[in-house]
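Got some structures for you, see below.
Paired with subunit B in one complex and with subunit C in the other, subunit A is shared by the two complexes that follow.
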Partner chain A sequence: MNNKAQLHTLEGLGAAVLMTLTILTISQSTMIVTPQNELAVDVHLEQMSNDALTVMDIAPHSSAQYNLTECIAGWDMTEATYPSSPTSDLDELDEGLSYLLPNILYNVDLAYFENDNLNVKKVIIKGSPADNAVVVRHFVTLTNETVSDMGGAWNLAEDELKVVEVRLTAWKV
Partner chain B sequence: MESLKENNKGQWIALSGLVISLIIIGLAALANQAVLAGYHSSNAALEFPKENIRELNSHTRDNAKIIKDLSIELNATSNETISSIYGRLFENYSSQMKKLYATHGETVDLSLVSINSTNGTNGTYSGHDIDMILVNITYDDGTTLYVSDPELIEVKE
Partner chain C sequence: MIDEKGQIAVDFLLGISLFLIALTFTVQFIPGMFISGSAEESSLDYTAYRTATVLVEDTGWWGNSTSSGTNWEDHPNNIMRIGLAVDDDTSSKLTNSPNLISKNKTEQLMLVNESVLIEKLGIYNNVDGTLFSYGYNISITQNDEPLLLNNTTAVWGESAPDNKDIAKITRVVLIEKGKIASFEGYDLTSQTASKATINITGPFEDNITIQISDLNCSYTDSAFLNATLDGTLLNRTSNYTVHKMDGWTASKYSGNLSNSDILRLNFDHDLFNASTEHRLDLRFRNVTLPTPGPPFARFNDHSSTHYEPTYMTVEVWQ
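Right, the complex of A and B next:
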């Protein structure tokens, strides 16, 4: 019977146990966070969403027919309904956002004050936000002139400014 | 078992096993630190209100120009001075921004300091003389305080 190298066999077994225990200790002692973790995805999503709204607002007419302010100024004040009319009459805005946010779902709300009352209107609905949704906001200012030019239904006086908060809720599916 | 005790060969193999084990422990600890650093940097990026401050600043800059144009336009059809119209419109803008930020638990304060013109004085401006608007901007979300006192806004086209 060959009884040589018995110590080598035991050593191999010992090393395997040691390695297993090491990995177990490290992985159980702290939370393992990979580069694809939820927070990193949120940061990326938030950055992309902010950029999308900013780009929409400063887009020259050669690259987009209407910028964000013009799109909002042209709103007919009817809220979106899901699924029959998910974009109300803001198709231009939806088209721009869907191009800038590929593979991302989003809802858009408009928030503004009317006689000291906060109004929040849903204007684009693409579904129910997932748990990892982020919310970004961008402000636009409407005047009687911009609303008249775009044929919107905002009822503004000649000397009135209306600050509208565009809230974009974005999530990945 | 007696033969095992007497067999003292393979010491290098035993030692290399120990070294490899130590290397694996070191690498595992390093990898763990690296991913933890990623977690904390992502968290910091999400918590700092960079975009909110940037948005407040850039929107106020844009509005300084919008209000200037509107003031000149309104002045043409009223007896009110451009300075007075500008002050009224800016106050209205500031009030709306204050309320909209308050809905997110943030405090902002936008106050007009002065309207500067190269030609007009004492609130009498003509045409497009206004070239610089000074505004105080304050943002506070309870953790981060941002103050620009004053913010110089170039409005001359």
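Right, the complex of A and C next:
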């Protein structure tokens, strides 16, 4: 029997039980700790960022000083530079977003067509986005009237409508 | 003789059976190891996401055999869907105002039976036709504290346990907070210098807010001094509060005023119980009010619904 170097039946059973218990202990102690999976965290961040833009957009005049369209209409067309002028001319937009998105950093770009060219301008820069950043978009429509009311520098004709994409890149710190 | 026939040895048979038994036991015992991305957890995520979306973006719906509409808060016995979004057209199932939360609907949701709430919001798991309700916590918070509506906190469900997987979704919403009237400096009427007079007709269900911007503060020591209602001096803490606004951020007002400041005065609704016209005098120091009165500006002509940003959090667990 000894010459054949076989595994004894009871030893095999014992080894199997030991291996199973080890794997069980490890899996029980680590897997439960993960609070939420990656996807859910991304969805959460995207949802909050989207809500912030929606809330800025629909806030009635009496409750918020300026809504999203008015903030954008008042832009003086100068891009943000980091770190000297991170919010360019859009302080109201920045104040609103930073109040609604605590502990979240964000950049804002504006995208619009001018003479058949798509312009993408950086208007709020808070840093370079982390790996888990999400992008949400909201469209606003500007008219000559809203622009002149807000003292912006958009050069629009009397009957011109300008659709601007507000692109918010948000990430957790 | 037997060896030459190539039959399975009893030793081998025993070994392979033991191995299979051990393998089966392992698979049975630790199911999570062999299923990638456990289905249980993600269904919790979907439930939390769905519940939050339905509450924030839907107006809800009620119906019986004869009629239906989105004003389910008026028909609590015929609720078909629960949603909190404000709606101006109760016959249309759509709303133009997602993320705007109706106060009446929120207050009615506090009165809804828990089993109805779980069923209508779908906070349960359906296993072979048997319903297991999830644990849940839904709360509306402002400045990290639960919102108070009619002296009840806007919290549903139980507090989340520490030792379980919890799916959580937070939504940014605007909630109705009574009435607000916005005045600019030249809208305010005055009979005597530096004293603005506003007529207010009660009663109100909620506290009312007066917002004043673009005041002409001609001196460095311009300031807001006090408020008088029908000749009685009001108490700054118990009757009303004064805040300076900077975007959404409110800070307690003290010191001097400048032209760019926005003042927000919040008055206790109990002051205006009688349904008569009240006269509110706001006394300033060194502020020029160009429009003479009477007639005085009326709160009720300028007022609209006041919304404030809050967070709605939905947590769901097994």
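Rule of thumb we're sticking to: the second predicted complex is superposed on the first by the 139 of 173 C-alpha atoms of A that agree within 3 Å, B and C clash if a C-alpha of one lies under 4 Å from a C-alpha of the other, contacts with A are read in each partner's own complex, and residues count from 1 in each chain.
The working rule: contacts are C-beta pairs under 8 Å (C-beta built on N, C-alpha and C of every residue); 3 or more make two chains touch, one makes a residue touch a chain.
What you see is a predicted model, and the numbers here were worked out from it, not measured in a lab.
Peer 1: A:138 contacts which: subunit B (first), subunit C (second), both, neither?
Peer 2: In the superposition, A:138 touches subunit B alone.
Peer 1: With the two structures laid over each other on chain A, which partner does A:130 touch: subunit B (first), subunit C (second), both, or neither?
Peer 2: In the superposed model, A:130 contacts neither subunit B nor subunit C.
Peer 1: Could you tell me if A:77 is touching subunit B, subunit C, both of them or neither one (first, second, both, neither)?
Peer 2: A:77 contacts neither subunit B nor subunit C.
Peer 1: Quick one: classify A:43 as touching subunit B (first), subunit C (second), both or neither.
Peer 2: both
Peer 1: Just subunit B (first), just subunit C (second), both, or neither: which does A:52 touch?
Peer 2: second
Peer 1: On the A-aligned overlay, A:113 touches which partner chain: subunit B = first, subunit C = second, or both, or neither?
Peer 2: It touches subunit B, and subunit C stays clear.
Peer 1: Just subunit B (first), just subunit C (second), both, or neither: which does A:23 touch?
Peer 2: In the superposed model, A:23 contacts both subunit B and subunit C.
Peer 1: Could you say whether A:153 touches subunit B, subunit C, both of them, or neither, answering first, second, both or neither?
Peer 2: neither
Peer 1: Report, in rising order, the residues of subunit A that make contact with subunit B in one complex and with subunit C in the other.
Peer 2: On subunit A, the residues that contact subunit B in one structure and subunit C in the other are 6-7, 12, 19, 23, 31-32, 35, 37, 39-40, 43.
Peer 1: State the interface residues of subunit B toward subunit A in the complex, per the touch definition above.
Peer 2: Residues of subunit B touching subunit A: 3-4, 7, 10, 13-14, 17, 20-21, 24-25, 28-29, 32, 35-36, 38-39, 42-43, 45-46, 51-52, 55, 59, 62-63, 66-67, 70, 74, 85, 88-89, 92-93, 96-97, 99-100, 103-104.
Peer 1: Contact residues on subunit A for subunit B in the complex?
Peer 2: Residue positions touching the partner: 3-8, 11-12, 14-15, 18-19, 22-23, 26, 30-35, 37, 39-40, 42-43, 46, 50, 111-113, 116, 118, 136-139, 141, 143, 158-163, 165.
Peer 1: What residues of subunit C sit close enough to touch subunit A in their complex?
Peer 2: 11, 14-15, 18-19, 22, 25-26, 29-30, 32-33, 37, 41-42, 45, 49, 52, 56, 97-100, 165-174, 180-182, 211, 213, 245-249, 262, 304-309
Peer 1: In the complex formed with subunit C, which residues of subunit A make contact?
Peer 2: Contact set of subunit A toward subunit C: 6-7, 9, 12-13, 16, 19-20, 23-24, 27, 31-32, 35-37, 39-40, 43-44, 47-48, 51-52, 54-55, 58-65, 92, 95-96, 99-101.
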